[in-house]
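Next come two complexes built around chain A: one with chain B, the other with chain C.
Here is the complex of A and B:
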């Protein structure tokens, strides 16, 4: 089973960003506990070049690059249930 | 900006016309989050050309409830805050999502500035050592500082909501009852609120197991559009104590002046030449060793007097008479006695509580007057020829 690779793009330590990080940590620790999971957090204020390369237009943006299909989600990332649904996680074996 | 796919229906034409002219940014994405359409307002918000974004993945929008807030990134590194709403639509014959983005950057900046200003105001309030409350036009507390809450804690208030924001300060004053100063305060505060007084000051005591402390309440109108009062409470116990001590010292000085006049007369009758000599130089300079001896003896008598007061024992008046005569034999003048007395007080002021110092002061004053009396008696007996020689 391929590793779950997630990239979260945020714009500074805003309450929105903190909420998204908290939700993702909860999701990884509880709902994806049995999976190999990697989460990278990128602050676009500190790394604007990475945001431009990835064509990030809004934050928070969460990208699931693995397993396929590739998914990109923006907006309110405070619901684990909605996130799992949109990202097609956990992966169906 | 339009990706042609399926023939458009009349309903879709209407929708396209509406979103094209919407003042809010509108982006249509498919189920994978890929941009299918965006209007002019969205281009301006993102500060990007529509052609650049065509076919690009914007992202699948997630909204919990009616709306979500996102930061919209611009190529120059700046960003705007936008309120995002999402609506499921049919676009070019396929299921799609209409994302509307309303720029709320200004509102959020204004809110943040307001929060900063509020925090700044509270920081100023909390930096002041005075206990401060702000009242609205009905006497309700709308703001307090940390010093006020700390004062409440020290007074044993367990439920701080009774003296905190929302509490009715006018009702607290009224409930305090006659003799507490509460009704007088209430009257003064209402007069300031009504514009009859420019400000109001009132001094009141607060009794506690640790002793009585005095406070000054000062109320001024709240400046600005809102009607209300700023009420500051300051602990003035030390100032009152200092004023009391100053008043007592003045009274003492007057008594001493009176006694000095009497002594001068008595001395003038006895030994005019020696009297003149003795008045030229204080004992402290004339005979430092004797001054120190006198200070030691006076200190011992002061301690004994205080102990006799505490334990209700008879005061050692004989020793005081001896000291008075001994000082008289040294040509001590009233100012020398005051010098000794004040030095004894200063020596004690470093090590004792204000309450004990007050006791020293009260007892010392009586002791000093009695000592003056003994000195006067001694000089009188000299004048009358009862004592013929000095040491």
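Here is the complex of A and C:
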């Protein structure tokens, strides 16, 4: 089974960014506890070039690049349940 | 031009800086709004391209087309974006929709990433200019338009802080009505430019209007423009040039000694003469003579012919003893034949200006304006004539236009009605029916800044050209085409009443013409 790869793009430590991070932590620790999961947080204020390469428009933006399908979610990720649903997680097989 | 407190950044878009009284307000963001196909993207790209030519780097934020498409599409205007990118003069911020992207919104967000990318791009190439094209695309991709509006406000204020002069394009749904969709004008409303692509009488007409520049001046009203390959947007700033016309008292010959005398000593240089008449009255002859007279005194002469082919014109000229071919070989004459239907009047004007610039003539003739009138709206035609006239007058040239009247006897043409106030002199050529015979009559109707012969004189055309003779004495109503013959005794009585001194000494022998 492939590794779950997540990238979260934020623009500074805003309340929205903090809400998104806490939702993600909760999801990874509780709902994806048995999975190999990697989360990288990128602050676009410090790394604008990466935002350019990934063509990030809004913040926060969460990108799931593995497993497929590729997903791009914008917003502060208000609920874990909705997030799992949108991301197609946990993987079915 | 005026005591403006607000500094301008010349855009470099031909003609636009004229109507903007120098350029866009520096360090501010101007909203450029227009319907689909109104050349907003070209404006946005040209703003940067013109800046680069002045050594000012620019950032292009694209919400709609991909950078690849823009690089390809703009190459036709001569803008090598890929090279400018390599030279660090142009940078893209690519916000175009990604094919694989399916944006899911979950909770609240802002456009902090976009702002960071724009700021990064501006700083990394030290941009002076920035274009964002176009706002509509981002509103359709994000559901929360309130957030988008607020974030755009943040971007605009960041640009102001960075000292960047920006162009922001936006869609309109109709040519007249609200400035832009989504209420974007509310926050960038300091400066608004509107591009229009109108359909008038089934003819496309592009115009640009500066709706407002807060706290500073600009030309009012809309101005025609065209989009041409190799250049981009070309605005024709009518009012701006109209004010600066000069006029000189230097006379130059029409090519016909009798006509010169009727005009009080020849045409004026820096003036435009309109020759109006029905078909076959001798308009082309007059244009031909005018050209040949220029060449004879070593002046460069340029003839734009819209009605007859080259062969036809040259054959006609030979018939009057004028060798156009030899004159062209000598480099003093240039004859350009063109079908007016091929292109729009705006493009025609630019083409003609370019030819005039290249050949640098002292004389220009257009035969005939009526042919051009067919391809445009009345307003468009009038603007064309004003544009061409002021251009010719600026160059210290003498100009001659011909216009065709639709009826054989009397009458006036639409051409005449719409441009007679623009031209300096008007000469009418008319058929005159005299006891069952068609004769030709000529009169100088108007000669700005000079006295002139007021008679309606008979003229004939033979293998040596035009010969002007005596005034018609026993007929009235020639100009209206409603002839009334007057009995000789009545003429005698009237002559005695007004003592016409001229009639005896101006009646000349018809065969003396140069």
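Throughout what follows, the second predicted complex is superposed on the first by the 93 of 93 C-alpha atoms of A that agree within 3 Å, B and C clash if a C-alpha of one lies under 4 Å from a C-alpha of the other, contacts with A are read in each partner's own complex, and residues count from 1 in each chain.
The rule we apply is simple: a residue touches a chain if its C-beta (ideal position, glycine included) is under 8 Å from a C-beta of that chain, and two chains touch if they have at least 3 such contacts.
Keep in mind it's a predicted model, so treat the numbers as computed, not measured.
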*asked:* Both complexes share chain A, so when I overlay them there, do chain B and chain C fit or clash?
replied: clash
*asked:* By the touch definition at the top of the document, which applies to A:19: first (chain B), second (chain C), both, or neither?
replied: second
*After superposition on the shared chain, which partner residues are touched by A:5: those of chain B (first), chain C (second), both, or neither?*
neither
*asked:* Going by the contact rule set out at the top, does A:41 touch chain B (first), chain C (second), both, or neither?
replied: neither
*What is the contact status of A:57 with respect to chain B (first) and chain C (second): first, second, both, or neither?*
both
*Is A:78 contacted by the first partner chain B, the second partner chain C, both or neither?*
both
*Quick one: classify A:86 as touching chain B (first), chain C (second), both or neither.*
both
*asked:* Applying the stated clash rule to the superposed structures, which of 27-35, 153-161, 171-179 or 261-269 from chain B runs into chain C?
replied: 27-35
*Do chain B and chain C touch any of the same residues on chain A, and if so, which?*
11, 14, 16, 44, 48, 51-52, 55-61, 71-78, 82-83, 86
*In their shared complex, at which residues does chain C touch chain A?*
93-95, 98, 100-117, 119-121, 138, 141-142
*In the complex, chain B residues that touch chain A*: 32-33, 46, 48, 53, 56-65, 68-73, 75, 77, 79, 82, 84, 86
*chain A residues within the chain C interface of the complex*: 9-12, 14, 16, 19-20, 44-45, 48-49, 51-52, 55-61, 70-78, 82-83, 86
*Within the complex, which stretch of chain A touches chain B?*
11, 14, 16, 44, 48, 51-52, 55-61, 69, 71-79, 82-83, 86
